[in-house]
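For reference, the structures are reproduced in the following blocks.
Shared between the two complexes below is subunit A, which has subunit B as its partner in the first and subunit C in the second.
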Partner chain A sequence: MRLELGNIFIKDLQFGEATKVENGVLYVNKKELLEAVGGDHRLVSIEVDIAKPGEETRIMPVKDVIEPRVKVEGPGGIFPGFISKVDVVGSGKTHVLKGAAVVTAGKIVGFQEGIIDMSGTGADYTPFSKTNNLVLVCTPTEHLQQHEHEQAVRMVGLKAAAYIGEAGRNVNPDEVKIYETLPILEGIKKYPDLPKVAYVYMLQTQGLLHDTYVYGVDAKRIVPTLIYPTEVMDGAILSGNCVSACDKNPTYNHLNNPIIEDLYERHGKDYNFVGVIITNENVTLADKERSSNWTAKLAEFLGLDAVIISEEGFGNPDTDLMMNCKKISAKGIKTVLVTDEYAGRDGASQSLADADKTADAVVTAGNANEVIQLPSMKKVIGYLDPADTIAGGFDGSLRPDGSIMAELQVITGATSEIGFNKLSATEY
Partner chain B sequence: MVKEIERAGIPVVHICTVVPISLTVGANRIVPAIAIPHPLGNPAVSKEDEKELRREIVLKAIKALETEVDGQTVFDK
Partner chain C sequence: MIKVVHYINQFYGGIGGEEKADVKPEVREGVVGPGMALKAALGKDAEIVATIICGDSYFNENLEEATAEILQMIKKYEPNLFIAGPAFNAGRYGVACGSICKAVKDNLGIPVVSGMYVENPGVDMFRKDLHIASTANAATGMRQAIPAMSKLGLKLAKGEGIGSPAEEGYIPRGVRKNVFREERGSKRAVNMLVAKLKGEAFVTEYAMPDFDRVAPNKPVLDMKNAKIALVTSGGIVPKHNPDRIESSSASKYGKYDIEGVMDLTEETYETAHGGYDPVYANLDADRVLPVDVLREFEKEGVIGKLHRYFYTTVGNGTSVANAKKFASTFAKELVQDGVQAVILTST
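So, the complex of A and B:
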């Protein structure tokens, strides 16, 4: 399967008469956008705002961040199972509005939604302070149940990204990247001497607002399976996850998974990147055992030499991570784990809830318990008051002047366990 | 908590869903629970069946407390 990704660099975002891309500027017709995303009786209002890098703007509570993309050649459309029909995506040509993002915000759904600051200390911790953000603030009807609220807002974000992505359909990309994965037997024949490596992609699926979808299927209902890495780039995997702002994978991160991109980068040179095994993180021990048995079985079946395993979230998924590691290692396959840490504010506590001696090659994306200070901002898109109650916040987190003292976990994307940020942690 | 209470000489049964974590932290008597969001219940079954389920877990835990163990033991029968 071969996908050509055409990146159109977006340097600025403005409201305009027509939705279009011109000289690197993305113009959005607000009225048309609202028509494209509106109509859900569960939402009483949707407001649209813009947040650009460097501005003194805080967006919170953030639910999801989505990159606008459009499929210009090949079967299917973006976000199959939600926006487009369930065709197989990942081949042909896709255009990307690189540098633009749709951010969904508004009244809190759960308790672990995040903060994006466009300048100041907070901006250093989130990758989404560097994108031109179109923010949709959604207000639900009274007494709307949380899962309905999440679903309504999720669809607004996906529709908005698809609507804006269309603006890139007929634009010549500034950069073209080609990604190709061959069917397994051909792929192995092509690079017989290179180590066969796959990526074990753990998806957060604990339910109760911790959900991830694959082609429209709630991933807690799957058994581990194989997916071409390019399918992910067309939105085959997306987030319905309102939990764990710092280390969940927003849809944007799924689309731009750095582990997939880096494995492609070294494919045919250092490794033979065979493909991706997706698995889940469910809430019963039987599910955890079954899924980790299955990833190990698939890894063996593919004849792999090594895997990279990434976690999403923290706490009991640490066990899924360790089970995957232990069972895949037991097949004689090397493992590298990517995770983050909850090592306490002083960094002295045990970092993960579970451990195993086979986990001897681990990459950390930072300590989410680290306390940070966020200055007050001139403009707030959304609401500041959840600062005391979101995970990482505490009584008194929000100060009267609008500044915030909280743990790093409040920042969207801060400790990304697929490495979609620049943070790590070290011992000294 | 399990370890600190045992250190004071009082035996503890840890009822928990993710048994491997309990093993990692060093509990000696472990009784598996139902699921992380509802360790001692199951909203998918009827109230009568759920009561029975809860009773079974509690009785298993009491039994575990009475049982002499030699190292970490999971009561999953």
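So, the complex of A and C:
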């Protein structure tokens, strides 16, 4: 399967008469956008705003971040199972508005939504301080149940990204990247001497607002399976998650999964990157046993020599991470894990809720409990008040001047467990 | 001026070797033995006001008494910094330095520093509690040990930030601190993967800890007469969360009276937990903390009694150290209250 990703660099974002990309500027017609995303009776209003890198702007509480993309050649469309039909995606040509993002925000759904600061300390930790963000602030009807609220807002975000992505359909990309994965036997024939590696992609599926979707299917209900890496780039996997903001994978991160990108980088040179095994993180022991057995079985089936395993979330899924590691290692397959830590505010606690001696190669994205100070901002898109109650906040997190003292947990994408950032932790 | 008290053993105090290891603690004004070099290294910002000398055997054999005695001696000088050693690879000396440093830090609240060889048993016992400069294994390393200890001590006394173990020359303390690395995490993972495939050296960014696994207790055989308590990490609290237990990374737990409460209702209880959709727990908190069922069991005589209080916290993102601290406090209360078994519910 071969995909050409055409990146169109977006340097600025403005409201305009027509939705279009011109000289690296993305113009959005607000009225048309609202028509494209509106119509859900569960939302009483949707407001649109813009946040650009360097501005003294805080967006919170943030639900999801999505990159606008459009499929220009090949079967299917972006976000199969939600926006497009369930055709197999990941081949042909896709255009990306690189540097732009859709951010969904507004009244809190659960407790686990995040903060994006466009400047100051917080901006150093979130990848989305570097993107030009089109923010949709959604207000639900009164007494709307949380899962319905989440679903309504999720659809607004996906529709907005698809609508804006269309603006890139007929634009010549500034950069073209080609990604190709051969069917496994052909790949082995082409690289007979290279070790075979795969990526074990753990998806957050603890349920009750911790959900990830694959081609429209709630990933709680899958058994581990195989997927071409390029399918992910067309939105085959997306987030319906209200797990802590710092280490859930926003849809943007799924689309741009850096483990996939970096595995491609040395593919054909240091190893043969044969593909991706997706698995879930369900809460019952039977589910955990079944899924980790299955992941190890697939790794053996593919004749792998090594895997990278990434976690999503923390605590309960630490067990899935360790079970995957232990069972895959037991097949004689080498493992590298990517996770983050909850070592307490003082950093002195044990970092994970589980451990196994086979986990001897671990990349960490940092201690999410570490406390940070966020300065007050001139402009707030959304609401500041949830600062005390979102995951990572505490009584008194929000100060009268609008500054916030909270755990790093509150920052969207700060301790990405798919290795999106340079942040890490070390022993002092 | 930073006032410093220095601790050394009988050997460095010039009293004698092993044959004098049982001497009791004594205090001398000013510097003694390695204190001379330490004084020079500390420079003009600090002054060693007193030196305490104690026999290694005496200290280790009379731990509590010796610690109390020495603390009294130190207190008198109202120091701003306490330095012990260096102990190099001398085991009992290292343990004494570590013990007294920890006691000073805990009781007097002033910064402390020691110096030891990495294999000194005092390192394993105390590296989490204090900064221990990494030294050679014998006194021939004095020339390097003293400046390292004094530099750390001065920084701590002045309240300056302490850099990484590699930068500052102390033994890693097991404290996790965030840093920005050169490459993004995914790239580091791929590099590690390639190194592992090739059999080359690589450094894990998080070494697995010795995991604290708790063996289950023996079952309670006589349930009919047992007093049962409910404990949860599912965040069930009286409505409006009176103690403001955090939705994630809890810094506290709650203890609530359920005398006469037969059923947890939407009007009276809710969850503070931020890690799951709260709708079902808020509608009926018995789903997480089964008070209603236990009341029935009480009536039917399946259990003796439901304990008057339940204990609750939020498990979501809460550090293992905090969880352990909460439980070790209220477990004592439960035992005192005659509770034979606990139903621990999670979410």
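Following the convention adopted for this analysis, the second predicted complex is superposed on the first by the 428 of 428 C-alpha atoms of A that agree within 3 Å, B and C clash if a C-alpha of one lies under 4 Å from a C-alpha of the other, contacts with A are read in each partner's own complex, and residues count from 1 in each chain.
Here, a residue touches a chain if its C-beta (ideal position, glycine included) is under 8 Å from a C-beta of that chain, and two chains touch if they have at least 3 such contacts.
These numbers come from a predicted model, not from an experiment.
J.: Consider subunit A as the common anchor and indicate whether subunit B and subunit C clash or fit when overlaid.
T.: On the superposed model, which is not a single observed complex, subunit B and subunit C clash.
J.: Output check: A:Ala365 vs subunit B and subunit C. Expected answer is one of first, second, both, neither. What do you get?
T.: second
J.: Once the structures are superposed on A, label A:Gly268 by its partner contacts, choosing first (subunit B), second (subunit C), both or neither.
T.: neither
J.: Is A:Asp354 contacted by the first partner subunit B, the second partner subunit C, both or neither?
T.: both
J.: Identify the partner contact of A:Met323: answer first if only subunit B is touched, second if only subunit C is, both if each is, neither if none is.
T.: Once the two structures are laid over each other on A, A:Met323 reaches subunit B alone.
J.: Comparing subunit B against subunit C, which has contacts with more of the residues in subunit A?
T.: C
J.: If we overlay the two complexes on their shared chain A, which of subunit B and subunit C does A:Gly344 touch? Say first, second, both or neither.
T.: second
J.: Looking at the overlay, does A:Thr284 come into contact with subunit B only (first), subunit C only (second), both, or neither?
T.: first
J.: Looking at the overlay, does A:Val197 come into contact with subunit B only (first), subunit C only (second), both, or neither?
T.: Touch status of A:Val197: second partner only.
J.: With the two complexes superposed on chain A, say which partner A:Gln206 touches: subunit B (first), subunit C (second), both, or neither.
T.: Both partners, subunit B and subunit C.
J.: State which residues of subunit A lie in both footprints, the one left by subunit B and the one left by subunit C.
T.: On subunit A, the residues that contact subunit B in one structure and subunit C in the other are 206-208, 353-355.
J.: What does subunit A use to touch subunit B in their complex?
T.: Contact set of subunit A toward subunit B: 206-208, 283-285, 288, 316, 318-319, 322-323, 353-355.
J.: Contact residues on subunit A for subunit C in the complex?
T.: So the residues of subunit A touching subunit C come out as 110-112, 145-147, 195, 197, 206-210, 242-244, 257-259, 261-263, 265-266, 270-271, 305-306, 308, 310, 314-315, 334, 336, 338-339, 341-357, 359-370, 389-395, 407-409, 416-428.
J.: Which residues, counting only subunit B, touch subunit A once they are in their complex?
T.: Against subunit A, subunit B makes touches at 17-21, 24, 32, 34-37.
J.: What part of subunit C is in contact with subunit A in the complex they form?
T.: Residues in contact with subunit A: 128, 162, 164-165, 172-190, 192-194, 196-197, 202, 204-209, 211-212, 244, 246-249, 251, 273-280, 315-322.
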